[in-house]
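Look for subunit A in each of the two complexes below; its partner is subunit B in the first and subunit C in the second.
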Partner chain A sequence: MPLRIATQVHGWLLLLPAAVLLVAFTHYPAMAALWNSLHSTPRGSRPARFVGLDQYAAMAQDPIFLQSLMNNALFVLGTVPLSIALALAMALWVNGRLRGRTALRVAYFTPTVLPMIAVANIWLFFYTPGYGLLDQITGLFGLPAHNWLGDRSTALPALMAVTVWKEAGFFMIFYLAALQSIPPTLREAADLEGAGRWTFFRRVTFPLLMPTTLFVLVNAIINAFRLVDHVIVMTRGGPDNATALLLFYIYEVGFRYWDTGYAAALTAVLLAILVVLAIGQFLYLDRKVHYR
Partner chain B sequence: MRARTAATVSGFRTAMSVPCSVELDRVTKRWGTATAVDGVSLTAQAGQMLVLLGPSGCGKSTTLRLVAGLDSLTSGRVLIGGADVSALPPARRRIAMVFQSYALFPHLSVADNILFGLQVRRVPVVEQRKRLARAADLLGLGALLERRPAQLSGGQQQRVALGRAIVADAPVCLMDEPLSNLDAQLRHEMRREIRALQLRLGITMVYVTHDQTEAMSMADQVVLMNGGRVEQAGTPDALYARPASVFAARFIGTPPMNVFDLPQFPGVRLGVRPEAMTLAPSGPGLAATVADTDYHGADTVVLCRVGEGAEAQTLAVRTPGHAPLAPGASVRLSWAPDAVHAFDAATGLRRPDEDDLRRAAAQ
Partner chain C sequence: MTARLYVAVETAAAWLLALLWVLPLLYAVWTAFHPGAYAVRFDLLAPLTLENFARAWEAAPFPRYLLNTFLLVTGILAGQLVLCTLAAYAFARFDFVGRDVMFLLVLVQLMIMPDVLIVENYRTMHALGLVDTITAVGLPYVASAFGIFLLRQTFKTVPRELDEAARVEGAGPLTVLWRVYVPLAKPVYVAYGLVSVSHHWNNFLWPLIVTNSVHTRPLTVGLSVFASTDQGIDWSVITAATLMTAAPLLLAFLLFQRQFVQSFMRAGIK
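On to the complex of A and B.
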């Protein structure tokens, strides 16, 4: 065997284990989902048959799908800007010269380390009507008990609070790393010119953090669409689908109603949304981002 | 509003037209128990170029940062233009500063980098443009104004940093080893350029360097620092001709001054510069053996060994041209009485000039 071919074979053999795993668990299922979304769901004696875009057409008439889409949009708007702003604020705070900043950093990061299910259960207790932490506090001020997760108007915001709480600490770490790569002489040079804290932040720190902001933004949005565990543990999409997010609805359709064809079509839509958002962000923001 | 801006602008004008002196009065800086700067007093006259010179860790950069107000004083006073600025923040000390790393804002264009301070201080746009044009013209940056710092060479970045200092129209400019990141050729060029600029703008400059050539060629006044204290202050000429201590003698001049002992002068260390020594194959003078030669083009530094065993000392002799001497060759070293410096062996300080001793020590 010529040496060149031997080298090639060698290379492919090295790639093989990873490639097999990727194909088996990522690419094949993704393609299969797309394929399934063009077919009806097989039931008992009726095998799947090709239905073209019928599954997609059905979504337009599906009120729960439309509501979960709407819920998800609200969820993104409610959690992403807030968690990013909080992350940045916390990073600026713990980046300063203050006593016990290591402890503070750890404290802010802790929510990220906790398992999702544990987090959900902790917050379930906070939200419990009557004796939950939140009601105990509001009770001190003489306010009536409130069923935070049981009320249509507060259930989704209650879930958002959990997500912001969990995500902000994680994003803070990225901001903190970026802040520490900004040379301190820039601050000194600005000091000499009389630039105040806010001016320095607006003119120097924030622009230099833009690559991090873009990265965090893309991740935050993807996470907002991927969220399902909190919903399952805390509300199961209720009350009256007020907290049904897209992925939760897909889970319900696929694994509770076993309408796999429709679930596959919904998955394709979810992926399409994420791809469009990610491309849009990169194209739009890339022009404004200064990479060092 | 209009009146206020006008006042600010004229304030800058006066600042520029009246140069300021910089004075340090027993300035001390301690970090915990470590003393970085220990009772330093010095004065840079208005329009003067003062160079703080010393080995790394001698406290020269810290001294500069104390003048700038970037670090706070432990004790002592800093006066700029006669006014005590010790308690003022950096922005109100009427100084500009060039950092060793240049501290350019990587995301801003050259023009925005230069104008950053003026924008922060809300100088009117017309005035900003005028000053930018002047600085760009002085430094030859005209074609680069739209570039980002990363797209510039080291020398160009250095110019941008200078531009930022110039547009501030501050009467005092501080420089922290501004040339240490440049190659030798460029360093030489920038050295002349900075000096020319300083003279032309009539600003007072405090310049930190560890490079004695830089200090000697640029300064009106050199302040040599060692271990947080001033070792010697004076004109470059004075430091070269009459070093106040063995440290000053060895720090200034390349190669450094020969400091050696002769048995007939107990308690005294003698100093003779390599360029003041004459080397002859025979005749009168101190007997020595050639150990090594170091050819530099215009001259040769010959290292000679004097004495035997534990008493052996190495002396450098600078001779013009190419000296074809083989290691091991016997030579005679001689020097004139007025080339002799005498230092106290115990304290390392210069002794009062004694003609008898110098004559006796001449070879």
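On to the complex of A and C.
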């Protein structure tokens, strides 16, 4: 019975409700962004008209767009490797035999359950010039007060610190799950061979964690493009666009200037980045991580 | 000897990092529970007060925001549980034409989340007349690729014999799903529920865009409105409001931290 009618009907009926919503709010808007990016923004009585690649041509000339792309690249470089390294260290410590593991785990994981907007408020206070905790601490060493979020050179790193603080504990979870699936016999075998802790980590644990590292890497990069709550609360992209990330710029163009055609074109760029990331992960996963 | 020194150094490093991780939160707690004058002065004898919380509570409609958030997260979760269960069941056990293509299309959402499609989704909500409703805040997230994927993996591990035994007794597909698959996946449902609730409790950008009144704003958006309107810079009150926003989830986590961590692990392992 190759194609039983009942199986076909039941399968599709079960899938239908989810499929409708998925198409309506993921696939359709992605396609609509591409379509609308080829049109002008409708204004008043003037409807949208086809403008070809004009929006993209304008984008290439738009210094804020180029800056936000650059900022996002820096943001990825500044947050992703550090978050992953810290997450791995945290997982090893929590999974090991250190004293007070439970307390450590709670401490590391707590930022994950806080809303990013609450985190942003807390850190905003932390960074307040002259008065916040950070300046009080640097003041103890005789350093002058500094406007961390108001200075072009420190604003983006200040936001990166918030992101790392918020996310490292979340990524720790994935490593922790992976560590617990490593058979203890490997450790015993390594002990018999007289392998040190560092050797064991480098030659056994780390390679076994490779699929997890890849997974966390991709998710961390996606998050760097997806999460801009802290930008909205802490800096509004300032000073002088030094902290404008791509999605924040889309938000500004789309909902402050209501230039929806241009916002659609910007969205298309963001989608292109995510698709490249997806393809990369797919190809790499297929080739590299097969020993599972 | 060196090994013990090594462990001591590592323990110290682990605790230092933990201290760094709780410091901002402790600082917030300190500020919220002391009069404004002590916000930046650390004095163990500083008087404790709940006045900051009282002032924040009076200054903005937080009970309403809390209700909105509650309606939002329960609505999303209920929708997700039903839709994702049905879809996951279809993918796991029905060999219909186009299944693999459809599954691939579902996985697309793991990469391209509704979070980045704000402009077009706002257009859709506007066309549907749903702007400024709690439905509009939740709807894009109800068909969750993550939920479908997670439950499909779980359902696939259910032995087919159980399924067939139930069918021999005359049970239809939905009965089998309800009697066999759902009970066996209970821990996964708990895990998914926790992840979903904490995610949507904390979500900010999309609700900020699609709501614009007290009757629809969730806590996160309410907090940002509160913190950005004329509070001067009374950090004590803002911090108290911030802690109130995070408190329900934070307390739940601190009480059930083992379950939280295990649930996140279970959801992340697939």
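Simple rule for what comes next: the second predicted complex is superposed on the first by the 274 of 292 C-alpha atoms of A that agree within 3 Å, B and C clash if a C-alpha of one lies under 4 Å from a C-alpha of the other, contacts with A are read in each partner's own complex, and residues count from 1 in each chain.
Everything below uses one rule, namely that a residue touches a chain if its C-beta (ideal position, glycine included) is under 8 Å from a C-beta of that chain, and two chains touch if they have at least 3 such contacts.
Keep in mind the model is a prediction, meaning the values are calculated, not measured.
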{"item": "Touching partner for A:G194 - first (subunit B), second (subunit C), both, neither", "value": "first"}
{"item": "Which superposed partner A:L53 touches (first subunit B, second subunit C, both, neither)", "value": "neither"}
{"item": "Contacts of A:A177 with subunit B and subunit C, given as first, second, both or neither", "value": "second"}
{"item": "Partner chain in contact with A:L186 - subunit B first, subunit C second, else both or neither", "value": "first"}
{"item": "Partner chain in contact with A:V276 - subunit B first, subunit C second, else both or neither", "value": "neither"}
{"item": "Touched partner set for A:L77, first subunit B, second subunit C, both or neither", "value": "neither"}
{"item": "Subunit C versus subunit B, contacts on subunit A by residue", "value": "C"}
{"item": "Partner chain in contact with A:P207 - subunit B first, subunit C second, else both or neither", "value": "first"}
{"item": "Touching partner for A:A85 - first (subunit B), second (subunit C), both, neither", "value": "neither"}
{"item": "Contacting residues of subunit C [partner subunit A, same complex]", "value": "3, 6-7, 10-11, 13-15, 17-19, 21-25, 27-28, 31, 40, 82-84, 86-87, 89-91, 94-97, 99, 102, 105-106, 108-109, 111-124, 139-140, 142-143, 145, 148, 173, 198, 201-202, 204-205, 208-209, 219-220, 223-224, 227, 235, 238-239, 242-243, 245-246, 249-250, 253-254, 257, 260-261, 264-266, 268-269"}
{"item": "Subunit A partner contacts - residues on subunit B that touch it in the complex", "value": "68, 70, 89-92, 95-97, 99, 101, 103, 105-107, 116-117, 120-121, 148, 150, 164, 168"}
{"item": "Subunit B-facing residues of subunit A, complex", "value": "183, 185-186, 188-195, 199, 203-204, 207-208, 210, 290, 292"}
{"item": "Residues of subunit A touching subunit C in the complex", "value": "3, 7-8, 10-12, 14-15, 17-22, 24-30, 32-33, 36, 86, 89-90, 93, 96, 98-100, 102-119, 121-123, 125-126, 128, 131-133, 136, 165, 169-170, 173-174, 176-178, 180-181, 197, 222, 225-229, 232-233, 247, 250-251, 254-255, 260, 263-264, 267, 270-271, 274-275, 277-278"}
